[in-house]
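Reading through the structure tokens given below for one structure.
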Amino acid sequence: MFLGRVVGEVWATKKSADLDGRRLLVIQALDERREPGAAKVTPVVAVDPLGAGFGQHVVVAFGKAARVAAGGDGDLAFEAAVVGIVDDFDVPGAPAHWRSPVPDGEPKLRSGS
Amino acid sequence: MFLGRVVGEVWATKKSADLDGRRLLVIQALDERREPGAAKVTPVVAVDPLGAGFGQHVVVAFGKAARVAAGGDGDLAFEAAVVGIVDDFDVPGAPAHWRSPVPDGEPKLRSGS
Amino acid sequence: MFLGRVVGEVWATKKSADLDGRRLLVIQALDERREPGAAKVTPVVAVDPLGAGFGQHVVVAFGKAARVAAGGDGDLAFEAAVVGIVDDFDVPGAPAHWRSPVPDGEPKLRSGS
Amino acid sequence: MFLGRVVGEVWATKKSADLDGRRLLVIQALDERREPGAAKVTPVVAVDPLGAGFGQHVVVAFGKAARVAAGGDGDLAFEAAVVGIVDDFDVPGAPAHWRSPVPDGEPKLRSGS
Amino acid sequence: MFLGRVVGEVWATKKSADLDGRRLLVIQALDERREPGAAKVTPVVAVDPLGAGFGQHVVVAFGKAARVAAGGDGDLAFEAAVVGIVDDFDVPGAPAHWRSPVPDGEPKLRSGS
């Protein structure tokens, strides 16, 4: 699992049936390599059963854990899911941008989600 | 899962029987480390049950999710598959090249797929 | 599995039911790329069935191994867990910061855990 | 799965019984970070049920897919296998060294495999 | 799987019961990014059912393969294991430090294992 921030959303009409009706969020891991205004590592696409909004911090799980969290069944066509929306974190050595919900200069999602 | 772009295709005569009749796409993750005209991270080879074309944005899943998406059976000899063809995405902080379907200077696939 | 150090904790009210009552630690892998006072690689969020404290060295396992270690059941919504609290390690080529429990300049966790 | 090139072979007398009689190839992923004559990313060790030779391009699968491809049974002590020997690929943006079977200055394997 | 070198050992009194009585080795992947005397990528912690010693080259497997190799049962709290002790390898493009069993300037393990 990793601690990330919701940075976007993806829409697909043509997709695996298991993805029907599920939000697909784009989530950026929080690490130290990020400079303000620019995503720096490859983001993850995750289904979101919890209703996270743009800029929120989330915990993302992979693999079977994601299917358990989002579907309750091991045989689904996704392998990443939001398993927690973070209220607060305490990481003393974290850089300042971990704390800011929406870094300066980043517009909000069009959908306002 | 990750958000990527179809950058090529691979053909193999000698292969695991489970790959017979399946397209093998080469997919580049969309991240910020890419400069125009040059792939910058190791691409993924994925089976494609959805018929994605060169330059299209896709969501790719790994592991059992890929087998569920592309075969419906857990015992197949691949572990990456296209699970969605992206119509649109909303990632406010994304660099400009995420949006462009085919970056300048990149020729199309020979097969025109 | 990897050798890491507990650098923080995360709290989430809205989360997968399988995470109820479990501590979610933020753990930084020990590698050579870390400079004093700054986390350098993406940290992992792991459940902790062993009661590790801030600054302690731990061994973290992924996937089913994590669910076995922390729950005893394969169908849980997490995929990383502390499987050992390190008493000592012997890695002759390790940089000095591997040994220091809390690098200079890093405050302790608010919770003092 | 990834697209790689066979760059070597490994021999082990003391090994898991499941590896008896299986070739263990060293395979370098094809990415853009490679300069001529120098491997640049950590190579993968994979079993090879298909008989790939030095310098050939292959598709490598991980996890259960590898066990299905190379053994037909989910309970084997390896998690990477060659699942295809590439005849041709079409990746318009690929750097020139992707195409060259054996980069200049790299000797062939002793075994000539 | 990857080709690595044993660079250390870890001891934990408080640990998952499945780790009782198992050696936990610290293993550095052999890649080109290593300079003499300094580990450069995050090492892996693996159980060792084969008795590898400091400085030896080993093949390490992840996930279920590791549990099969080291325990014979799929439900164990680890996901990395030594599956082979390398007698010899033939990787023509490998840098010189791949061959040296113990790089200059690196002391041996205290335990002499």
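Labels A, B, C, D and E are assigned to the chains in the order they are written; within every chain, residues are numbered from 1.
In this text, a contact is a pair of C-beta atoms (placed from the backbone, for glycine too) under 8 Å apart; a residue touches a chain by one contact, two chains touch by 3 or more.
For clarity, every value in this text was computed on a predicted model and none was experimentally measured.
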Original post:
Which contact partners do chain D and chain E have in common?
Top reply: none
**OP:** Would you mind working out whether chain B and chain D touch using mostly the same residue numbers, over half shared, or mostly different ones?
**Re:** different
Subject >> CA centroid of chain B to CA centroid of chain C, Å >> reply: 33
**OP:** Let me have the rounded angstrom distance from the C-alpha centre of chain A over to the C-alpha centre of chain C, please.
**Re:** 20
Original post:
At which residue positions does chain D touch at least two other chains?
Top reply: 41, 63-64, 74
Original post:
Viewed as a graph of touching chains, is the assembly arranged as a line, ring, star, complete set, or other?
Top reply: ring
**OP:** List, in order, the chains that make up the ring, beginning at chain A and going on to chain C.
**Re:** A, C, E, D, B
Original post:
Given the complex with chain C, which residues does chain A contribute to the contact?
Top reply: 1-3, 29-33, 41, 49-51, 59, 61-66, 68-69, 74, 81, 83-95
Original post:
For chain D, which residues count as touching chain E in their complex?
Top reply: 7-16, 18-19, 24, 26, 28, 37-46, 54, 63-64, 67, 74-80, 103, 106-111
